[in-house]
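Sharing a structure with you now.
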Amino acid sequence: MVYFILKRLFQSIFVMLAVAFLSFSLFRFVGDPVSQMTGVETTVEDRERLREELGLNDPFLFQFARFTGDLLQGDFGYSYRTRQPVAEMIADRIPATLELGTVALIISLLVGIPAGVYTALNPRGFVTQSILLTTLVGVSIPTFVIGIMLIFLFGVQLGWLPTFGRGGTVQIGGWTSSLFTVEGWRALILPAFTLGVYQLTLTMRLVRAEMMEVMRSDYILFATARGIPWRRLHFRHALANTMVPVITIIGLQFGGVIAFSIVTESVFQWPGMGLLFLESIRFVDIPVMGVYLVVIAFFFVLVNLAVDLLYIAIDPRLRVKEAA
Amino acid sequence: MLDVQGLTVRFPSRHGDFTAIEGVSLSVNPGEIHGLVGESGAGKSTIGAAVIGLLQPPGYIAEGTMTLGDVDLRNLTAAQAHQMRGARISMIFQDPQTSLNPLMTVEDQLIETIQAHEDISTSDARTRAIELLEEIGIKQAATRIKAYPHQFSGGMRQRVVIALALCTNPELIIADEPTTALDVAVQSQVLDLIKRLAQTRGIGFILITHDIGVIAQITDNVTVLRGGKVMEHGPTERVLRAPEHPYTKALMDAVPRLDKRVERFLVPESDVVKVASPAGLTGADAEAWLLDGVQQGGADLEMKDVTVRFAGTRTSLWTKPEPFVALDSVSMQVRPGTVMGLVGESGSGKSTMAKVITGLVSPAEGQMTLAGDPLPAAKQRPRDHVSRRLIQMVFQDPYSSLNARHRIGEILSEPLWLYGLEPDAARRRQISAAMLDLVGLSADSIDRYPHQFSGGQRQRIAVARALLARPRFLICDEPTSALDVSIQAQVLNLLKDLQARFGLTILFISHNLAVVRQMSDDITVLRNGKVVEAQRSEAFFTAPKADYARELLQLTPAITF
Amino acid sequence: MLARFWHSDGFWMLRRSPAAMIAGLVAFLVIAGAVFAPWIASTDPYDLASFSLMDGLLPPVWQDGGMAQFPLGTDDQGRDMISAILYGARLSLLIGLMAMVIATVLGVGLGLAAGYYGGRFDAIVMRIADVQLALPAILTALLIDGIARGVLPSEMHGDVRVAVLTLAIALSLWVNFARTARASTFVERNKEYVQAAMIMGQHPLRVMFRHILPNILGPLLVIMTVDLASAILLEATLSFLGIGLPADSPSLGTLIRIGMQFLLSGEWWILWVPTLFLIALVVSINLLGDFLRDVFNPRLH
Amino acid sequence: ETFRWASTTDPQTMDPHAVNAAPVLSFLNNIYEGLVRRNQGMAIEPSLAASWEQLEGENGWRFNLRQGVTFQDGSDFTAEDVMFSYERASSEASDVRSWFAPVTEVRVVDEFTIDFVTNAPNPLFPDSIANFLILDSGWAAANGAELPARDSENFATREANGTGPFMLSSRDPGVRTTLAPFDGWWDEAQGNVTEAIFTPIGNSSTGLAALLSGEIDFIEPIPLQDVGQVEGRDGFKVIEGEETRVIMFGFGHEHEALLYSSETEGTNPFTDPRVRLAAAHALNMDAIDRVVMRGKIEAASQLVPAGISGFSEANAERPAYDPDRARELLAEAGYPDGFSFGLKCTNDRYINDEALCRAASSMFAAVGLDAELTSVPVRNYWEQLRADDFDMYLLGWSPGTFDAEHPIRFLLHSQDDEARLGSWNFGNYSNARVDELLPQIQQELDPATRQTLIDELVAISQEEVAYIPLYTQPLIWAAKENIDLTQRADNFFMLRWVSVN
């Protein structure tokens, strides 16, 4: 156990360092932070002085070493744009993104898994074909178009749901949550759905494919031959066995959720990390971008670890052998 | 009890309906073990599936009646049929590894099966399950029942499968090749169990197999199938001892006998239409080509104290596994121009031996020599080492040993090209075609793909590929265990002929003692990676020295009449 | 040849599946339209002199004010919508296909090698894949764009935008290929035909590419179609976020991005013509992918 | 009355001296006040200074401060605070220090009088410090915010204490900022807002949706093409105006050769005024107005729009759309077949900037000027312009002082780093007479003389086609019908003029 976790942690550090390095090498190209930090009338000398103060004139590797060194000491630096501590800015935004991502993921699982099971068990039915086609069309429309369409339909035309923001939030410790108010939930529906559509389709198709595969396996055939009731056969036997690959892919798709949450957050003005990141790009806010990426890599590593632990929970073959 | 009359099953396909079985009739009485034999694709499994109502779509029953007691099996609704399964008819599948749900404990699977058909409390169901496990010979059933399938050995798993089929007290159990995946020792235990259950509980069994030995050992009646039709049926002893139908006769002749060695098997006449090779080269030319390349001097192989360790199977995700000793200081000497038989139960290290010799696996210790020269181990053996050509191998599974995406011509000419035996592409093609002729295939096969051939034909192609390297030492790793008897007989004949003609040295690996008896001059018996006996073949079969060897001989199902 | 195709299992299945047939037809039409855009389209959106701002914002021909010359109307620059989407599809498909090819070559190469050699090499490749997965596509795009800008002289920036975008998309897609190829290779490398090749002393590269690769192509082909669709969508998304192509090179993505500005202004066709076209393209490619999956599943034959 | 409004950008900071950017200064003008302020017509009027006059015997201005003004935390406003704010705003850490470049000394005369001494006569000085916002020295000192935050935040980054009509009641950067009226304000508010909630909404479609769904009362700006949609709906209105920002094309005057051209080796055709004039004649402003700008723009003839002080009425003509003349001019200059060149544009800075540049490229193409358009986000833009990476470029300029002198100083005077002149004259247009005229204009106190000087300068710049001024950018705001507000030409949004009916 210890060996396993240590090994994973070691690999995680590698992943995070690599992400930090890559992202850091990227910043030089995003634009000129100083132009974004100063006004029209700032003189050339003042700009140059600022550049020097921020260490932007230092060699790249030197800047990177300073960045990682500070990170390791727990110093996340200050935003160029707002001058706030980056750690605080990101920490403020994490709840919004996590809630959005989680709800989107849950929607995609709650809808995707039953739909996948249904379409696997009735592969030729009309309903199946319609579900498959609808979801396919759903993922073929770019996320931002879906988002805006939903906003105009439910926010403007019908007036049922808010068009932007998080609605009512509640502060619990350091965590701002929109899950405890009706307003919060109303604000969450559209972005979560927009973000979830892609995941939903993916989950559904994956569950469907795996389920069809599992339904042909010997143990399902044998269970059928024993007259195990259908419901139990489908859900206890077949579905459980599809979960291992499904979990892997869903874990891997975490990156996708993050990537698309940038788009979704920007469309819905959802005050999460993605929005912060986009603003930071606009203002070439290097410290925020850097920490954001490292945090994302960290989440990614965490999710990967969680997936592995989930495997063990699901699949007894991976558990410690009790008896020979 | 079970009565099937005139059953016809069809599979519609794009080329019209395919009739898998046609007008099959059979009946099974309580306590009877009814054998179904026949070559692969004869329709054995299809009968079983039709009876239990699990024909794979698009297959359907075209004609015939099936009754179980007073129930007409063809006239059931889907729900009734499902209720029937398990309660009155059960089934056992070939592979115990894959028949159990890996995510559920044995207990859960047993209890749910019992509760599916009976309104019974969980604790009562558990008691029943434990009793049943005890009855079929699992010790400490009360604790072992909590285990997951992967925590059982293959034989125990097959017992669990049987327990699952039994736990609802069905009248009829269809056992589809229940022992094919098991080795002889376990096989004989399972067969004993089936026999006992038939006798004590009066359960009717349909036992599907292609192993005549198994049929001979436990069935009461037997039905011989070929091409979906019944060739012959009747009491087992009568059918096997005095077959009436010519096919049955041919089948019996093709069965390798444990008690005597035959020079050649009689095989049912093959229906391959020979087409002349495009360049007019024939098997004789191929033979000449081969002889042309025969180097003088023997290809004797010697292995000394070879030890192989593998990173052991992971027992837990957290700790590093113990190394697993697959071969433990094994020595073996193969005389030039003879056939060495290598036998042993599954997992004893036979294939590992072959891999060490071919350089796929590097031994931790030990030396090898080929024709007196040292034979470097895997990593040290250069890619162009002469032994790469001299040692060739024929694999067990003819379905996966040929690259499905390459044409036969490409597969065959590859060694010619690789070893630089023939620089000219057209000539390579001619020789390949001639070699096909030599192994008894039509020369126009050269432009086809492997999937267009039957298992036996593919195995011939594999042999041809091996020969095209002009080898001196041929390793055959269970070359026929995936084939049914008649085809096995053809392949064995071919190997015998080639060995005789070209003086090849062969290492013949098998777990089937009867087959080995027909082929080998010497015998090495492996167990758990150790050599337990090494002998001249005849001496071994008449008077084995080691206890383990004696036991093996005894357990091998044989036709004893 | 043709007869063989007609008789092949794949084509037989195609004839039996109306969805796949329609998808095939749509994909064929779109692709043909894209390929032959210079001959079909009435104007060339790259030729600035061929259109005029004076024709801007004309509605489709069936609406008031529409002109027969521009059946689906014009955009805010006076470009004929039909010409724009044909050229747009051309560029999108080009980017999608190139990205897919690069991702395939990179992913399959690494995946094959990782699966074949296993051990440390495998671990390294998979960790690199993790890094890639942790970087959202938009970041990869920014990174590549930035590097290209840093490395190349400024007058080349415009010319390499397509290449940069292609590479960025390819980099965010290769992991799929690598993982699939690796998993399949793990299975294949223990099959006897591979062992046979290894025993003969064949070069590892030959074993990988000549023996293993053809046998794992099936699932890869499926991923290729699905990823072609995602690549086209990704291009649209990147364009939306402002990291895509410049507005004067019409890809479906930039057309939609520009069209988004007219979502509410009444000039609906500027958004919906390219969007519907994109949906048709992506859906049909995905359907073809599904169909291929069936073709490669021997159990469905 | 609660009033909710949205704009595209969140003010980055609450510190009035840290960033010289419109979103920040516009927002903070509701909280802080300067010595002078602009009224609804952009004219200067007294604010914290009740009056001001030129100093006797030396260059500079004396400000007589308003008495009885208190900061929002209750402390009194005195000359000390102005002095402190001056020191703060002119410190190295400040981004607005360039306003005080002409200032040589500041003297506190008494509690309510303060003198700003300048190095030369400076008639425009009071205008130039309209956004110089005054902080309370005691508050800043007590909270450690004596200097603007440079590399880390300080108290003034998220808290505010001004003398203005509104107080900061809560701030969640990037999400929402709430203001409440300051009861102790010295002036009378003309509006009735009792709570104001600001939300940044970056995506313009989302912003519009928020307005139309009633979640916000006011948004600025909205895209030009959506004006019809808003006007067409009951209960909403569009407020249109002219910003003072003039959009123009600039040239690489001093470049030896074109960067983005294959045919013109080693030469830069744009050094020839005829070529520049040809480019000006190629542009059809009417078409751009109708299609790209939806009829909302006013064509511009010079670098400031009409109505700004110093606008040269004498030179109010711009080159007409005349492609034939353009071709002729090109032929005269030796380019009968035209040539290709690189046009640099932003795509997220000005209203429909990318569409404008594409339309312009197509119009240039029609006379043989083959523009290779590169449009980049503004975050990369200035860097590239500073690196001289262009043949022709797009620029928008809004005169911070609302006087014609401002663009002359930044855009027309030759680059001179030492004197801090011509700092945005990327192509380095250089004319000795222009350089000579600028200081005269700056120091001239008599308006009529000053105007003749400006007229001369504008005439030169037009004749030489230093830039091609295109149009004045429109200001398009949208609000619910029941909102009354005032739109100011500098695009500042003043809550004190908002009433919710």
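Every chain is named by a letter (A, B, C and D) in the order it is written, and numbering of its residues begins at 1.
By definition in this document, contacts are C-beta pairs under 8 Å (C-beta built on N, C-alpha and C of every residue); 3 or more make two chains touch, one makes a residue touch a chain.
Keep in mind the model is a prediction, meaning the values are calculated, not measured.
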Chain pair with the higher count of C-beta pairs in contact (A-C, B-C): A-C
Subunit B and subunit C: spacing of chain centres that average the CA atoms, whole Å: 46
Whole-Å separation of chain centres (CA-atom averages), subunit A against subunit C: 23
Inter-centroid spacing, subunit D versus subunit B (mean Cα positions, whole Å): 86
Chain centre separation in whole Å, for subunit D relative to subunit A (CA means): 40
Numbers and ranges of subunit A residues touching at least 2 other chains: 30, 148, 152, 266, 278, 281
Where subunit C touches two or more other chains at once, by residue number: 260, 263-264
Pairwise chain contacts, counting only pairs that touch as defined: A-B, A-C, A-D, B-C, C-D
Partner subunit D, residues of subunit A touching it in the complex: 30-32, 35-46, 49, 53-54, 78, 81-85, 89, 92, 148, 151-152, 155-156, 159, 162-166, 266-269, 271, 275-276, 278-279, 281-284
Residues of subunit D touching subunit A in the complex: 10, 12-13, 18-21, 92, 95-99, 149-154, 157-158, 172-176, 199-203, 205-207, 209-210, 212-215, 348, 377, 379-380, 382-383, 400, 410, 417, 420, 423-424
Touching residues on subunit A, where the partner in the complex is subunit C: 11, 14-15, 18-19, 22-23, 25-26, 28-30, 129, 132-133, 136-137, 139-145, 148, 152, 209, 216, 252, 254-255, 258-259, 262-263, 266, 278, 281, 293, 296-297, 300-301, 304
Subunit A contact footprint on subunit C (complex, rising order): 19, 123, 127-128, 130-131, 133-139, 142-143, 145-147, 149-150, 179, 229, 233, 236-237, 240-241, 253, 256, 260, 263-264, 271, 275, 278-279, 282-283, 286-287, 290, 293, 299
Touching residues (chain side subunit B, partner subunit A) in the complex: 52, 54, 82-87, 89-91, 93, 95, 98-105, 109, 112-113, 116-117, 144, 147-148, 150-151, 161, 164-165, 168, 315-320
